[in-house]
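One structure is given below, encoded as structure tokens.
Letters A, B and C mark the chains in the order given here, with residues in each chain numbered from 1 onward.
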């Protein structure tokens, strides 16, 4: 039972790293608390439902589509909202409220357009283009579970976890191996100095914002498989969970999120195994403990004041 | 002889009352709430949409017959959106009573959004038409201002499930039962009831796994693995629709083979579950057989096929699924219509008397309407059934318990 | 006349008088009661956010804690309602003490930790393992103390106390010192201000206020589930109302509640489908165009706003 919980937790946790990473990128670069993060996940899920149900394609094709669409949406939203927000007295606090408003708008528009019912995608659809390959590597039959360490896990979890790993690696490559990424890290660590050295902070931030929303939308593509189904109201819970993960890793350090996600996933599954009814309490207690004992997160710098 | 005189007197009184009543109002105001967004939207919208269908239908006929004024009067539906927020709902219930002065008060769907209405209705001495708020705490002998219209109270709803397991189960070889439930008023109370019925039956079955999980749980893979470890012969899962969707999907995804598996929503919201779980994942699952499959003899209102056709015509875009909740909303409407046709005034206690007088008499597409003394619904019970392939790529219901309504034999173990 | 007396006489007294008279004129008492509750909560947010800069994003934790404090007193100890309300306030203070280490965090970290704390309290109270104490997720029904008129009167008393606290902060050296801590904690500490102690006092006062509000709310509604009294909308509304009017003033939060909650009730009644959409847009507009609240319209012209 413990081994099963650990492996399930690892798969679940890798996916949750992807859920949180976009949120953290946005906070790290802009000091903006994107309370509408979960709503972009929800929109990504609706894109996947559209790609699968309407066009009949493998939902994996929704990944690039969702990413491109939401990078563009992010760029537009950035220039509409953020420069104005940054001009105010307390942008970090006000961003919480601004993006809460945005999340309300998104939920309302989605409800008006699609109704309130649960929506999902048949779990056999995900990765059907890869089914042949999978049977070759793992054995078993094309629409059955994946066998790992002699136990069976949902195929969709393995695919979600794999895509998450790839996405996180790409974020790493972007941040550490590209010029724009280097500038992004400069803005993250010393925003004022970046201004002074002539970095186009707005452009760097806008791209980071777009990528942040794009990553959220990619995570959303897998939400119907990881959470069973989604509704327009799904965003709220997803946002709160994302915060737990991000803070666990360390707020402002996107790569710490990968660790935060795995810690979250494993501890969640272990508690669910042995103390099911308390499982939902755990992330919050963990979050508070981490904040108090190591407020910078597992991998962060010091943030305490006075 | 005495009885005849008495009946004549009563009849005379009943004829006389309308003449004594005040001038008929231009419209009958029915006040209700619905949730267009948030957590309860997916159960609230079908119920509310069904109520609206009925209002439009009656108004097209010139209104609903009101005995108190002996004429047809148009209905005005005063409906506000509480957005699944109970604080808002409380204010709006009060608004309906004190500002709009509605004649009839109808609660929003589900126990959580019904809860504020119970106290408010009682305080204002308004009779509450409780649509689907099945919470056991709502019904007590000292509160006459409530009756449950369309779902059985949670405390007796799962009786057919427990009875099947204790009566027929041992004969099939069922000895070990696993019980998994979401910890909320609706399913938590049903779990308590299942436990109680099984214990009282003194049958050779035992509960080997008994676990509550938070209602927000969306991931059951690990829990399913734990249940498997106990090797139960039968698994009962009690949760809301999203819980059932996630649970059934996970059961299939990890390839768990439970010999006997019960879930609530495959029966109640079959279309929604089919869309989200797929036909394959629901084969041979035990569930409640919804009224739409039973074609109850009806003595009032539309029969199931007519209602279904009207629903599809009204909501062609499929944004609101047809299912148990749609039937529940229409059932409430029928109880209201019948109540107005027998109540001799619009006084709230008279409305209550009229509603209770329908108990055991009114047969709608939802079954026989029956109330206990506290206003809890004890009719409209849903038999236990099993979803079987219909040979055309879809599913059909086979009722298996109680035996007098059974349409087939259970398939055990599930292949 | 000292300004404190002037504030009490010309702002607090008329407000209380209006809400004392309104129930005999307007019949939807619960709406009036909700106005009073949100006035209390918005001023409670004002105490902590307006004067110290800590955004209590999980403010509802104290409110819900108070409501359950009230419920436990009535259910198990058969306490009278006024006694139970006092205990509700103390429950808020106790929670505040428990969470006071969170004050070591700054900015968004504090806001998120506070949100997590509120959710932790919710999942704790709602846990079925505590069914014998809190009735767990099954909700409480307090028929023994049901008395909406008395509860309304109690809410007015709590409002009076809360307003008194804000008037004190606005007119005392303590309040001034708090604000100086908000602007520049380092110089304040050097000037001999006990930064930590003062923050904790403001934090506990704000927790007490929410606890009392939760108590009178439980008294009034009498039937509720954990989801009801821990609903995140209480936090969000209280914060948005306070900000909309303008924090660190006496009248700002009052104006915010009266206008915004008024609009909320108005559009909720007339255009339900677009309710959430309009509300979201309104909140976004507020942050972008009036980040310092409505009172800034006056202060920009150089008028003094109490």
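Quick note on the criterion: contacts are C-beta pairs under 8 Å (C-beta built on N, C-alpha and C of every residue); 3 or more make two chains touch, one makes a residue touch a chain.
Everything numeric in this text was worked out from a predicted model, so none of it was measured.
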| item | value |
| --- | --- |
| Contact-richer chain pair (by C-beta pairs counted) among A-C and B-C | A-C |
| Reference subunit A; chain at largest CA-centroid distance | B |
| Interchain centroid distance [CA atoms averaged], subunit B/subunit C, Å | 38 |
| Whole-Å gap separating subunit A and subunit C, where each centre is the average of the chain's CA atoms | 32 |
| Multi-partner residues of subunit B (at least 2 other chains) | 36-37, 183, 212, 214 |
| Per-residue overlap in subunit C, given as positions that touch at least 2 other chains | 123, 127-128, 273, 275-276 |
| Junction residues of subunit A - those touching two or more other chains | 107-108, 111, 277, 280 |
| Residue numbers on subunit A that touch subunit B, as the complex places them | 1, 4-5, 8, 12, 107-108, 111, 114-120, 122-124, 144-145, 151-157, 226-229, 231-233, 237, 269, 272-273, 276-277, 279-280 |
| Complex contacts: residues of subunit C adjacent to subunit A | 49, 53, 55, 57, 101-102, 104-109, 111-113, 115-117, 119-120, 123-124, 127-129, 185-186, 189, 195-196, 232, 236, 239-240, 243, 273-277, 279-284, 286-288, 291-292 |
| Residues of subunit C touching subunit B in the complex | 27-31, 34, 123, 126-128, 136-139, 141, 143, 146, 148, 221-225, 227-228, 231, 233-234, 265, 268-269, 272-273, 275-276 |
| Sites on subunit A touched by subunit C in the complex | 27, 31, 33, 81, 84-85, 88-90, 92-98, 100-109, 111-112, 236, 240, 243-244, 247, 251, 277-278, 280-281, 283-285, 287-288, 291-292, 295, 303-306 |
| Contacting residues of subunit B [partner subunit C, same complex] | 36-37, 79-81, 83, 85-88, 90-95, 98-99, 111-112, 115-116, 118-120, 123, 135, 137, 142, 183-185, 188-189, 212, 214-215 |
